[in-house]
Amino acid sequence: MDTFGRNYRVSVFGESHGPAIGVLLDGVPAGIGLSVHDFMADIDRRRSGAKGTTPRKESDIPHFVSGVYEDHTTGAPLAVIFRNENTRSQDYSLFRSVPRPGHADFVAGVRWHGFSDPRGGGHFSGRLTLPLVAAGVVAKKILAASDRSGHPVSIAAGLEEIGGVPVSEPGHEALWERILDQAMQEGDSIGGIVGCTVTGLAPGLGEPFFDSVESLLSHIVFAIPGVRGIEFGDGFRAARMKGSEHNDVFVSSRGECATNGAGGINGGMTNGNPLVFRVAFKPTSSIRKTQRTFDFSQGEMTDLEVPGRHDACFALRTPVIVEAAAAIVLADLVLTAAR
Amino acid sequence: MDTFGRNYRVSVFGESHGPAIGVLLDGVPAGIGLSVHDFMADIDRRRSGAKGTTPRKESDIPHFVSGVYEDHTTGAPLAVIFRNENTRSQDYSLFRSVPRPGHADFVAGVRWHGFSDPRGGGHFSGRLTLPLVAAGVVAKKILAASDRSGHPVSIAAGLEEIGGVPVSEPGHEALWERILDQAMQEGDSIGGIVGCTVTGLAPGLGEPFFDSVESLLSHIVFAIPGVRGIEFGDGFRAARMKGSEHNDVFVSSRGECATNGAGGINGGMTNGNPLVFRVAFKPTSSIRKTQRTFDFSQGEMTDLEVPGRHDACFALRTPVIVEAAAAIVLADLVLTAAR
Amino acid sequence: MDTFGRNYRVSVFGESHGPAIGVLLDGVPAGIGLSVHDFMADIDRRRSGAKGTTPRKESDIPHFVSGVYEDHTTGAPLAVIFRNENTRSQDYSLFRSVPRPGHADFVAGVRWHGFSDPRGGGHFSGRLTLPLVAAGVVAKKILAASDRSGHPVSIAAGLEEIGGVPVSEPGHEALWERILDQAMQEGDSIGGIVGCTVTGLAPGLGEPFFDSVESLLSHIVFAIPGVRGIEFGDGFRAARMKGSEHNDVFVSSRGECATNGAGGINGGMTNGNPLVFRVAFKPTSSIRKTQRTFDFSQGEMTDLEVPGRHDACFALRTPVIVEAAAAIVLADLVLTAAR
Amino acid sequence: MDTFGRNYRVSVFGESHGPAIGVLLDGVPAGIGLSVHDFMADIDRRRSGAKGTTPRKESDIPHFVSGVYEDHTTGAPLAVIFRNENTRSQDYSLFRSVPRPGHADFVAGVRWHGFSDPRGGGHFSGRLTLPLVAAGVVAKKILAASDRSGHPVSIAAGLEEIGGVPVSEPGHEALWERILDQAMQEGDSIGGIVGCTVTGLAPGLGEPFFDSVESLLSHIVFAIPGVRGIEFGDGFRAARMKGSEHNDVFVSSRGECATNGAGGINGGMTNGNPLVFRVAFKPTSSIRKTQRTFDFSQGEMTDLEVPGRHDACFALRTPVIVEAAAAIVLADLVLTAAR
């Protein structure tokens, strides 16, 4: 099912080259101010344009189909659609015979018996992250509206690595730009790592076991195309630490800890310390560089160069998507916890 | 909610020192042979006893409350309980004042307003992974019963690292045993990494976006206490690779790939190649070694040595739990895909 | 939540006078032939036009936003919208002060803190049954595509009573037309009873207890605005029968029964006999006739005549909606049972 | 699935002659006082003993498996079991060949391929309403604990008709006792109608469309074995009324109405007036009186007298079950609305 959430439910729909893509949001509280303008900052962050991103341009204007009246949410299901405009009438039938490595062409054909919409990746297109960003915008609004503490929830994601180069160290910008340039010249692609930190969360959000905060966050983060891994707090490094190093000792009556190896989560629930996680994005699958792969119609190996407009590093566009994913989970948990 | 799954639903319940813990399984097909004996191999793998694991011993015999008749599943909900036997009447009230670092003591107190059962960690105890293993046993049976191909699904998890030492290389056993001994002597603990490989899966299981195979697997894996990260295929390394390195080119008409950087998943769905993922476990939180932490009743820092019987490395006991988690997801997907 | 179903999931959205209303269908199998034309017969049955129905006219053309490609379902979520065209710019603010008796004006105001869209009843409009009919069309297609027996499922609903007059008896047509005329002249409205019979169902669909066929059917039937009761087989009359009268004895090895007092359901599951149920619809709430009711802004009683275009007997338009409701449940059960 | 609810989730399990039956409750808030004693009044109301009910006696003592500590709910999943004691080792294999009319014997055999537990009706036994009553007890506690108004929710169900005789009118007790005696003498059975009224509900509980109060209530009420119909407010009579008769006009600023034909619900949500519904129960299916039905093993008609201990009128035992069903829905809605 393309639906996520319990009390704030998000459903995405659409194909890359169909008339529109969209998102249906259920459980949005009534009375939250919401206009098209509220979406544009996050949509712009996701948009292509920077070096290393696809030149496909869309206006990406959200159209409210339902759930908004006089610039406020009504409480009824909120549907938003984005028209697909800049679609190219390229021939995608090649990928029925020669499925692109790293793409869903092959499995979609198996699963949907050849009936999936192949144009631009159809429902599997990265363009479907746009409705996710829209759901994140509304989620951030829900979080802001739910705040009673005066310390609103703040979600900030950013790139930590591009092509293996940490971005935060001085002088590294030139380095990863060079790596990006080189990949583009070679018709190749590179990956990246996104870190996300959430502050202002009350302790006690989430559930033990199946609805742990990590479970819910990883569930939605792996819904973003191209994610290969997720870790919380010390993450994989924790497996190489001693308990005395990894444990976060408490230092105040508010539950603040001296360290944050748990990434702000104990027993599946937020502990009031910053929620911290990192997400690994693979390099873009679509590359111009020649790949030797199988031609299913001919029954033999063949050469494939994936034509079209690609991101050399789509990870560059993902921080706002990761933020949206986190916001969706947290809005659901905050609405649930309000009980 | 402590429930997971769509067509095969697993709910766990119980506290470490209550009368029993258990699992309720809904959606189990009728007519699958099932007896107590079927559970014992996996239960024994999870059981304590080896060096580095707790000396707490339980008989861990499953008792069928419902859903089994004349050694076959009936189709009705299947409830299994495990009596708690070897419980010690230790005083856990200390941890109300001085919550154990790395444990849920603090957040459970906040969330459940001081009413949570503190004995042995209550509902947050690692003992709750026993019902998960039981759910995995039934899931493996469902997978075997669903096989029409003659190539049944095989799930195998094992330790890849203990305390930072890869276990598979020659001579490393002595090394990690030494690390383990040292941690035990110091009253400290170590973590580990578990790898899991699933073969025999048909292509096309899972869904795009929110019910991707990675989403479902990570969801349940993070329900296992002490998990800090999960990665699929090339995992975090993929973020440092080029597309031409990471992409899995096809080499046969059955969809076999030359490499498996995607870990057997494209577009959220299995592609017929082995499903491969790795899970990072933190070091055990309960350590005898003195920790300087906060005393909430006194409002000042204090010294804490966590008494009791602990695993120095609970990761040693987790491969069968990871297998169970994978089996639960895959049984659900296989039942769903049978449509 | 405005979502229903487990393996075939239906979500409706939209407001009567917003840009569009729609439905999102998840879990539709791939490869089912589907075009706009397939919807028109059922949409026409629901449409106004006959005596006793509102003169509001809409073209009610379904627009596929997603999930359909080259006239076949793709397997991806299927979104259909219907533009709202014939909306009148009437002033609905009166109903904030003087909520219409029998309508949701009052409760929507309470629940959604005055932010609900008041125009034409907003999300509570009977117009929202149009997406339900669309979901029913697709459900009927799923049922047809799932048939392996050569005896496809057939769903037929029809009016049994209008204004207390049984419609099936000779000469009664003139009688209920007269009752209808009279109600229209008086600015009043009348109700009706719809019966529904489903044949061709395999035995064993549904679940004991919470997902019994009766539970699922009644759940969705009461989602249709204006339903006051539902009964299966002998229904309320069963409460006045003896066991020896009400019990359905078996008469063949296929499970056929001599009578059908259970309405084709035993233990929550279909028994292979025709599924039979009846639904009671109230008279239309919006009436021109003067009602003495409360003015919340003035704090005193007032006279209200509800202006606008109303059905004198909206029950006339409901048989196809009841069929859709049944089809949705049965498509879900057939997909689930295919496991 | 044998699970119901969103934020208060109820799962039942067990078979009539297995070791125990039980209920798993998820989402119970922490800190609610709860002991075995709290269950006994409602359990006694459901228990057999009165004229017309089965002489099978069980102690029906609830055993807490989890979720209760020091006589308070902990917030963790709450499991309660009831041991099956007074089971008779009667031979149920007859009913494989000659399925009892009105029972699930036939459909369970088809659905579960002959593997269902046949003893005492197995999972389909009316005994499974005992866990439902237990879930209702906890639900009533949740409702009481949630009250902020000083006007707590009150749920009262009672018999309105037995064997077609209204019970509330003077002199009718003797009449329905005579009808009951006669049915018992003839080895036959009779049905009844239960009415339920809920007061003290805040307006605005429930959702438009699929999670309307009527949808949720009817869903769970039809999970009770033997229900044939449900109606709200004026119910089926509404179909024979005019709008001007059926509409409930408002008479106060609190939303009170002059009449209550809608049964306290508008647009799927409570309107603050008493919630009123009626449930029709069929006569008991198990009758001693000879029935002419099909012998599936012989392929011919045969005579069947169902042996054993039966309720001549199980409807007598159902008011507390109907109350429990209502309490479960309302507790879920109150927890959801608290957001």
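All chains are identified by letter, namely A, B, C and D, in their written order; residue positions are counted from 1 within each chain.
Note that in this section contacts are C-beta pairs under 8 Å (C-beta built on N, C-alpha and C of every residue); 3 or more make two chains touch, one makes a residue touch a chain.
Fair warning: this is a prediction, and the values are worked out from it, not measured in the lab.
Asker: Using mean Cα positions as chain centres, tell me which chain lies farthest from chain A.
Answerer: Between chain A and every other chain, the largest centroid distance is to D.
Asker: Considering B-D alongside B-C, which chain pair is linked by more C-beta pairs in contact?
Answerer: B-D
Asker: Could you state the distance in Å from the CA-based centre of chain A to that of chain B?
Answerer: About 26 Å separates the centre of chain A from that of chain B.
Asker: Roughly how many whole angstrom separate the Cα centroids of chain B and chain D?
Answerer: Going by mean C-alpha positions, chain B sits 38 Å from chain D.
Asker: Nearest whole angstrom, what separates the Cα centre of chain B from the Cα centre of chain C?
Answerer: The answer is 45 Å.
Asker: Could you check chain B for residues that touch two or more other chains and list them?
Answerer: In chain B, 1-3, 6, 12, 76, 108, 111, 123, 208 touch at least two other chains.
Asker: What residues of chain D sit close enough to touch chain A in their complex?
Answerer: Per the stated touch rule, the residues are 6-7, 29, 76, 208, 335-336, 338-339.
Asker: In their shared complex, at which residues does chain B touch chain A?
Answerer: On the chain B side, the touching residues are 1-4, 6, 10, 12, 99, 101-104, 106-108, 110-111, 123-124, 128, 161, 163-164, 183, 186, 188-193, 203-204, 207-212, 214-216, 218-223, 225, 227-236, 238-253, 255, 257, 261-263, 266-272, 280-287, 289, 291-294, 296, 299, 301, 315.
Asker: Okay, in this complex, where on chain C does chain A touch?
Answerer: 1-3, 9, 11-15, 18-22, 24, 26-27, 30-31, 63-67, 69, 72-79, 81, 108, 111-117, 122-123
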